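Listed next: structures, encoded as structure tokens.
Each of the next two complexes has chain A plus one more chain, namely chain B in the first and chain C in the second.
Our next item is the complex of A and B:
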């Protein structure tokens, strides 16, 4: 009995955190998919989202689940502005120039955050923070689902589904996908691709910031918090296939599950070891991602 | 009579050397025009200049009397110019039907798009069978049907086609040209760039010969087909 409970708990933990990885990876994947640029600074928008939500909580008394929408809006605009000023000029530049720019942006944003927000760790307190659902309790065994993680997961799920619906069902979303798949053809259809690039970058940064905001009840914010997520985010995106939103979701969930199950067999300090072994194996054996289909 | 498309003194480049030199060309309303020429003559570049995809152009391009020389590419389709590019450029991860619907993007009219789909399926019944299949998984000939069908979704007044028979089996080429003649018979003006010179001159009313970025010859298609210079250079007779 004990192992069933342990395994189920591990599964639940993995899915709960995997959902978060999924939503923050969607943002990264969207930016790569539409603009074909690898944004190394992307995790910084998770940090910015956390701080927006923290200030919304500290100054306005907004719960981070609501502050997340503010974070989405603010970073959407910020991302569009940055795309216009910084990314647009280097879209056609050699890849090396793009790498320098986005890595530079990473340090610039981190240091700007240090300057603006200080080095302190910031956390919120919410009524549900220490509460948890207890499921299938019997004879001292139970499955624990902390509310903070459950709410964050559901919010992430909701946003992920909304982004997906936007891309599939709306005219602008379809234009964005067309731009991602063939920018020249998109222009010949009458699509303003420059506008699509800007929107995609804003939506990408906004989605990731939203993911940062909803985990604020159980993760403390600091200017360097992005660095804890950047590699996980890239792993998720590569596992699922760069540029695919559905792939980012599958990749994110997988990363969460792998992390959580590794903790069963390895010490917690090594929880990412198996993950990186799998990551490297995928890069070596199936670099287009485990989900990808071949097209002619 | 004023031409539907009127190009005068057009020169253009990708940024380094000039590729098009002082081109004059007209397409009449309902005319079927062919542009032929050797590889790298600048045929695709000429079509890109019309569609706003060429970064540097001088001279004048007018459509239906309006100067469109400086218009960005994304503003061109709404005028009624559909450009089926060289190499098909279908959206590989979209279904056949989604690809076609993107062709009506500039119309922004659901009902006209629905009607357009039926019209395209009438033109290419094969696409109806494959409407849910991802365009990237289609054969070359089917992809070309999607590309032409997507152009027709715009209900264009001028349909520009860049080597629609490139890499297709001879039977499929014949069929494609029959469809182009059908489209032309509906009243759409056609500007066709084609490496299959015999077939192009067969379909077209008039033709231009482009060499090294200049117009070298022009005239009625049947006359050009009898011209010794053309027969030697392009028809291998």
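Our next item is the complex of A and C:
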């Protein structure tokens, strides 16, 4: 029998990891929303973010929570460059070409990381890594909130809110949303849509890299770490509606909760299987809802 | 005129490939590479049935491939069954999975279909990894060794017989693809690719046509999985259900060569597999990841140079029939 403590702990764990999924999914959803490109290589930017934060910690002594901003900046520029060179030429190409270009990019980035950084797992050590908040302690029962996860969650929340504010409140953000809704009309209104595409891709990759950097205190970095997040990320984005930033947040939190609650009843290896099934089911049951966003 | 010429060219090619082993070392490395070329050409052809003709881009065909490989190997291990029989179970299971998947995925198009099939392939990998009692789990599974050559157990002293099995399979699959493409079903599939609603309106049972094509594609892919298992003798879930190793590569073979064309997978496989092997043997030991890195870069570069594939590139160089126009389709943006 599950006690109320186990259930609350599961809820807390799910929300803590779900917040991370939310911030990494925002990036993916933003790219799709603005450019209608499904970026299969997107999880690789999470890996790049982790490595930037790791080097910032190893060379400069920066805590990953601060290194995350460096990761954001570096991948923002990297993403803008990649958009200009690789994505822009295929924006009007057949979907087959779009799919395989980003799949090729996935292989290239993952193996470039393998060449540059080696296959070793890298982790950081921070003062708060082994500490945890202990809540509602009574009679040996308590809710444990590890600081590393709490900080990562709060950072993710902060960035998610910033991206949302940027899109809602700034002129550039509004221009970006206008481009997402109808690029032709946006161009007629004098919006430089090419610039918006570049910014959106940079912001998308940067946000995901930021999410990768803040989890570095409790997840080890390796060149293949991205592959563990691909399906999670796509599930979160599809659950919330492809292209919607607020939807990605809801989807991310849901995926975190599904993962932690399914761990109560299922062996750990099958955790992701549940997500695959939900993913396919959501795609199947809501395709019109998702597709209708494309024509805006 | 063109058709008789094309037929003669394919016949000549088949004879050339049939004679090639006579001048090569039957235990040599070149023979293994050629076997893989034939395997991937056949896989690309099977993928082309749905991916090429109906433009339903599957990124999860490794699911069927792995089912074929596991079914025949497991039946051999526990019952000593011949892979020729075991593969029938694999083909049936793969077709069953295709049938199950058709329910949620057939309404999807483009990116959404690709994502759903990708998840299906990954789900099979997770199952194979965690169901250790049946599959042996992450450590992989070996085909039971039977000393001596035997056609019945599909085990041979050299790879030369494997080569001929691959070659015959490729010829049959190519012939089947050509039959379907030029027949009524091919027209229906292409009608779906151009405009699914319009196809429905003129009386094409789109669900049924897509289903028949995917059942065929799944069963052929499973059969090729058995052939691969008997050729390789060992595999593990992460390879056989792998995204990079099979799902993407078999689609890539068809797409680089020219999606939806008979020659596409043949050209694609003849180009990609030797290039990859060359990169592997050249860089293999010096730096891990370099050949895969090059693979990704070449993929990106080819698509940037021409998003419609190599066949279209040739057609354009010849100034010919502009087959690239014909092979794009399904892209009419509303």
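We take it that the second predicted complex is superposed on the first by the 285 of 296 C-alpha atoms of A that agree within 3 Å, B and C clash if a C-alpha of one lies under 4 Å from a C-alpha of the other, contacts with A are read in each partner's own complex, and residues count from 1 in each chain.
One rule holds for everything that comes next: a contact is a pair of C-beta atoms (placed from the backbone, for glycine too) under 8 Å apart; a residue touches a chain by one contact, two chains touch by 3 or more.
It should be emphasised that the depicted structure is a prediction, and the values quoted were computed from it without experimental measurement.
Once the two complexes are overlaid on the shared chain, A:193 sits against chain B while remaining clear of chain C. For chain A, the partner that touches more of its residues is C, with chain B and chain C as the two candidates. By the touch criterion defined above, A:175 lies against chain B but remains apart from chain C after alignment on the C-alpha atoms of chain A. Once the two complexes are laid over each other on the shared chain, residue contacts for A:231 go to chain C alone; chain B is not touched. In the superposition on chain A, A:284 contacts chain C only, with no contact to chain B. Of the two partner chains, chain C is the only one touched by A:112; chain B is not.
By the touch criterion defined above, A:185 reaches chain B but does not reach chain C.
Chain A residues in contact with chain B (one complex) as well as with chain C (other complex) are 295.
Contact residues of chain B toward chain A in the complex are 51-53, 72-78, 82-83, 85, 89-94, 98, 101-103, 105-106, 108, 134, 136-139, 150.
Residues 55, 57, 59, 101, 103-105, 107-112, 114-116, 118-120, 122-123, 126-127, 129-130, 244, 248, 251-252, 255, 259, 287-290, 292-293, 295-300, 303-304, 307-308, 328-331, 334 of chain C are the ones that touch chain A when the two sit in their complex. On the side of chain A, the complex with chain B involves touching residues 171, 174-175, 177-178, 181-182, 184-193, 293, 295-296.
Across the complex, chain C is touched by residues 38, 86, 89-90, 93-101, 103-112, 114-115, 119, 223, 231, 234, 238, 267, 269-270, 272-273, 276-277, 279-281, 283-285, 287, 290-291, 295 of chain A.
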